[in-house]
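Sending over a structure as structure tokens; questions will come in a sec.
Each chain gets a letter, A, B, C, D, E and F, in the order it is written, and its residues are counted from 1.
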Amino acid sequence: MQSSLVLQNLLSPPVLFFFLGVLAVLFRSDLEIPSPLPKLFSLYLLMAIGFKGGIELADIGLGSKVLLTIGAAIFMALAVPVLCFYVLRLKLDAANAAAVAASYGSISAVTFITAESFLNVLHLDFDGFMVAALALMESPAIVVGVILAKLYSDKGGDSATLRWREILREAFLNGSVFLLIGSLVIGGLVGAFSAAGVEKMAPFTEKLFYGVLCFFLLDMGLVAAQRLQDLRKAGSFLIGFAVLAPLVNAMFGLGISRLLGLPQGDALLFMVLCASASYIAVPAAMRMTVPEANPSLYISTALGLTFPFNVVVGIPLYLTLVQRFIPVR
Amino acid sequence: MQRIDLFVSEREVDRLCRAIREAGAPGWSVMRHVTGSGEGGEISEAMDFSGLGANAHIVVFCEVTQLEPLRQQIHPILGRFGGVGFVSTAERF
Amino acid sequence: MQRIDLFVSEREVDRLCRAIREAGAPGWSVMRHVTGSGEGGEISEAMDFSGLGANAHIVVFCEVTQLEPLRQQIHPILGRFGGVGFVSTAERF
Amino acid sequence: MQSSLVLQNLLSPPVLFFFLGVLAVLFRSDLEIPSPLPKLFSLYLLMAIGFKGGIELADIGLGSKVLLTIGAAIFMALAVPVLCFYVLRLKLDAANAAAVAASYGSISAVTFITAESFLNVLHLDFDGFMVAALALMESPAIVVGVILAKLYSDKGGDSATLRWREILREAFLNGSVFLLIGSLVIGGLVGAFSAAGVEKMAPFTEKLFYGVLCFFLLDMGLVAAQRLQDLRKAGSFLIGFAVLAPLVNAMFGLGISRLLGLPQGDALLFMVLCASASYIAVPAAMRMTVPEANPSLYISTALGLTFPFNVVVGIPLYLTLVQRFIPVR
Amino acid sequence: MQRIDLFVSEREVDRLCRAIREAGAPGWSVMRHVTGSGEGGEISEAMDFSGLGANAHIVVFCEVTQLEPLRQQIHPILGRFGGVGFVSTAERF
Amino acid sequence: MQSSLVLQNLLSPPVLFFFLGVLAVLFRSDLEIPSPLPKLFSLYLLMAIGFKGGIELADIGLGSKVLLTIGAAIFMALAVPVLCFYVLRLKLDAANAAAVAASYGSISAVTFITAESFLNVLHLDFDGFMVAALALMESPAIVVGVILAKLYSDKGGDSATLRWREILREAFLNGSVFLLIGSLVIGGLVGAFSAAGVEKMAPFTEKLFYGVLCFFLLDMGLVAAQRLQDLRKAGSFLIGFAVLAPLVNAMFGLGISRLLGLPQGDALLFMVLCASASYIAVPAAMRMTVPEANPSLYISTALGLTFPFNVVVGIPLYLTLVQRFIPVR
């Protein structure tokens, strides 16, 4: 890993504000970002990233390269939770293993955005359509997780029957998934048909983006640090999993990127999608569909450890690997 | 009259209110953004941004005769998703 | 002591608190952003942006002797603008 | 109606986000914009539009053209509720008829802003002082509504006496009216005396505007769709009223615009003012001054049907009429 | 069972919840953003931006035997920082 | 005092919005900026001002000029509360005197920002490192206040013993202090090591700043006007103190600025730091560490009178003095 990349990442404003949040918790400062401000930031980031992705998608069109990448992304969103599930079953019951596995199959939009910002700062190109991959990787893992939980559930009877309506609603109509996909479609329509619309939205989606990301990461620092304390209770198996799973999943992502011939920037984003774990859509869905699972387990692993790991160490590490194994065009 | 106090996750509020309506209660009130602690551990507002939310406090004033139907509607939900309920007496003011 | 629970529209909170003060209650507490359902239909927080607000929950702990003056101040407001009230017993902790 | 105008409106980001909100309700997604975020957007929009309007008013000054337009606007704000009241009395009692009538006499700032954005996108000019008309049309309808409710009230006695202090306070000191008029005055002062102030505020009032409008319309989509479901209960008379009233009022607006010789852009805005119905200032005022009226009736008609109708169909339709009947300068 | 209602400044919530846990209560719920009036004057939400906050309403349902330890933990805090507490009876629903 | 400066200040958007808030209370409008929106504005302002200050500090480095100015600032933060305490003791008990004194020793970030904006509008230069002085003046006064309260406390025993851990936490880890210092450090790091980071944050910290300040001052107007009504109860001694203390402290600030040879812009900011009183960090800290003091006293004086006085009259007055007594370079 090139130490300069790590340093550059560590000294970027979003990562520094993340650390500030962590420090606030460690020093027991009463700094807080009261609800619903974090929600505002998260809604804004999803809307802006979706909209911008849609515009770029409209530009490029749904060519075979785009479709292949998206297909691979969906494949990973289905395969990763199955893999993780069997590993997690070594120590956890079916419900908890399935819920944690679903998190790791799904993605973290903020990790993705942080990686994009990092690429921007390094002036490395990437394709806007990667946002489509992001959007489409959120839901499949949820469905897989619920199915696994029910298949291996110890209890029979009613609680084991799949309530498909509810599961699909949680997977595809979850507020954050819906807003991201909706904004992507709107961005696509506006990009295709209304140049004036693109231009008028630009200041909003561009100028604020980086600052709001910093604000949101400050809050994530606060929340992750609190969660990290929970994680100690979860035991060393889960702690190990939370660090190794992103590494292994990133390697799969690297392999597939090479197979697909993705350019460097896209390869990094693909790796980040595979490596990141969801702490937004998935917990909300699991709470409803697999209530037997303990939320503090799946939130703490994804948010308390995997998220900081990816944001602080993972992104520059994956980029080092990309620069080593993916040819420059 | 009876006063029922329920504390459940915000995610279950809609489901619970439907149950309360079906049980025939004359009305109810919901306070969101409740934090707290119980058998399921501590609940804070920190995950609110994710749509997971915190807890909600639901209050129902009803006649004694409605207690039983309310129990039948509500107990399964509390059993499945967690949450607690308490009942006490009150009068119309 | 007595415990009074009032549920009214947020628009009426100021008016009601003035009434409570005038009736001589030693104190009160107000929780806003309450949603719910009653005779007047369902109240959500969706119109909050318009200044219409949702409901508020007002709690007053007072002596029995203050019930009657409170009733005289509060009943006309509930009658005119809607809202419900309940009373129960409590002790100082 | 030129179908290209309709399409251009339908494909503008604000309208698309409005639809996204509607879809979220129809598909029962749990997307929500938690309180008080919609209030933040609404405060921002009122402040920004008032401030910008004030600056332009300071530029132009209060000439006879401006005063005439504003006078006509106030006239409409007084006449429309009276007219609507007598129509509504066919089916509603006095209190409800008066409250609904007050909504339609008053205006919807967001509809106005959406129309402005539409003109911007089409590069059609309009005068900034139309914001003054907007600001001054909010209150009169409230006063008229309360007077009508009391005059025709079945109950005599106390409840029928006019509490003037309270009514005027609700009409003129309502938070949103106060902020809009206040920002207009501030914009006027700053525009007249402080070039540096104008320049320093510009990024805030300009760059964010369109994006915040989209966010707010997303929320309006959520709320309007919920309200639409209420409207079914309100019956076909009110549903018909909610679509026909804006059309008829827009026609009056068109006639007056022609009489006054307003340019095309101003004529559209004037029509939109006449056609739109208030779901901010008026409901808040009616709740206090005519509590006998059922809020779900006046909110549902104004917000559930008239607002979407104007934003989606009305604005391009009125512009088609403007282009047909108002001469280009 | 017993129901305890506490009204304190938001600044003291953490301290109070620690005290409640130490007294051995099985759970508690906290509602923030409470305004109100008492011996210490009126409390609004206007200073919320400063970190001073408004009041909080804490509810604890517990067994009679836990009342005394709770009292011992909580009374000193109410004495030092202000706030009021009330107790009434309730049943598990 | 040059009347043109006063006018220019009075007609600046932030001051006008402050007045709008005051008027809303006087006219009993129901305008309100619901919680936590004011907190959002305050977090943003602290973050932006800290970050920008850090960047400029990284530019200049910690030379002797910077260190001397900061040293003088800290000295004032220690001396002012002691002075004020003895004056206040004439009429108040130890706890209340100490709490009010701590407010006046500490600073008001918003007053500082308003002064900066005023300098910007007048195209007068000032040094970015003054933000460091601002950041470091918040805490010392808190510590001094607590010590004074305990030293002179009538009650002996437990309540008079100093709980150092708690006091230092309240003084240095108070959320707003922590965010300001944290953002300053982050700005310093980013300024020193990441040009790309500086550039990407600029739109966020620059473009929104003035508008958010206006919004926040609108809220301050609302709150200050409510507080002013409380102040009447506090009596004429405190009213007099709230106006005279800033004047006297500003004079000390002027003297020190001259001694240090600060340029005009910095001298104004230094005076404003001395003159302003804290209504954010200090009340929050006093509530915990000196609970015997009556919050309505220290909040009402600092926020109800001293803050408006400084923002409306003080800043142009101090600038007139600066222009008279501090030589132009």
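What we mean here is this: contacts are C-beta pairs under 8 Å (C-beta built on N, C-alpha and C of every residue); 3 or more make two chains touch, one makes a residue touch a chain.
All figures in this text were calculated on a predicted structure; none of them were measured in a lab.
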Pair joined by more contacting C-beta pairs (E-F or A-D): A-D
Fraction-based call for subunit C against subunit B, same above half, different below: different
Inter-centroid spacing, subunit C versus subunit A (mean Cα positions, whole Å): 45
Distance between the centres, which are taken as Cα means, of subunit D and subunit C, whole angstrom: 33
Gap in Å, rounded to a whole number, between the CA centres of subunit E and subunit C: 20
Two or more partner chains touched - positions in subunit C: 31, 33, 51, 88
Shared-contact residues (touching 2 or more other chains) in subunit A: 30, 34-36, 39-40, 174-176, 207-208, 284
Subunit C-touching residues of subunit B, taken from the complex the two chains share: 1, 3, 17, 21, 26-33, 59, 61, 88-93
Interface residues, subunit F side, partner subunit E - complex: 34-36, 38-39, 41-42, 159, 174-176, 219, 222-223, 226, 279-281, 283-284, 287-288, 291, 295-296, 299
List of subunit F residues in touch with subunit A within their complex: 35-36, 39-40, 43-44, 47, 51, 169, 173-176, 178-179, 182-183, 186, 189-190, 193-194, 196-197, 200-201, 203-205, 207-208, 284
Residues on subunit F engaged by subunit D in the complex (per definition of touch): 7-8, 11-13, 16-17, 20, 23-24, 27-37, 40, 117, 120-121, 206-208, 210-212, 214-215, 218
Of subunit E, residues touching subunit C in the complex: 4-7, 31, 33-39, 55, 57, 71, 74, 84-88
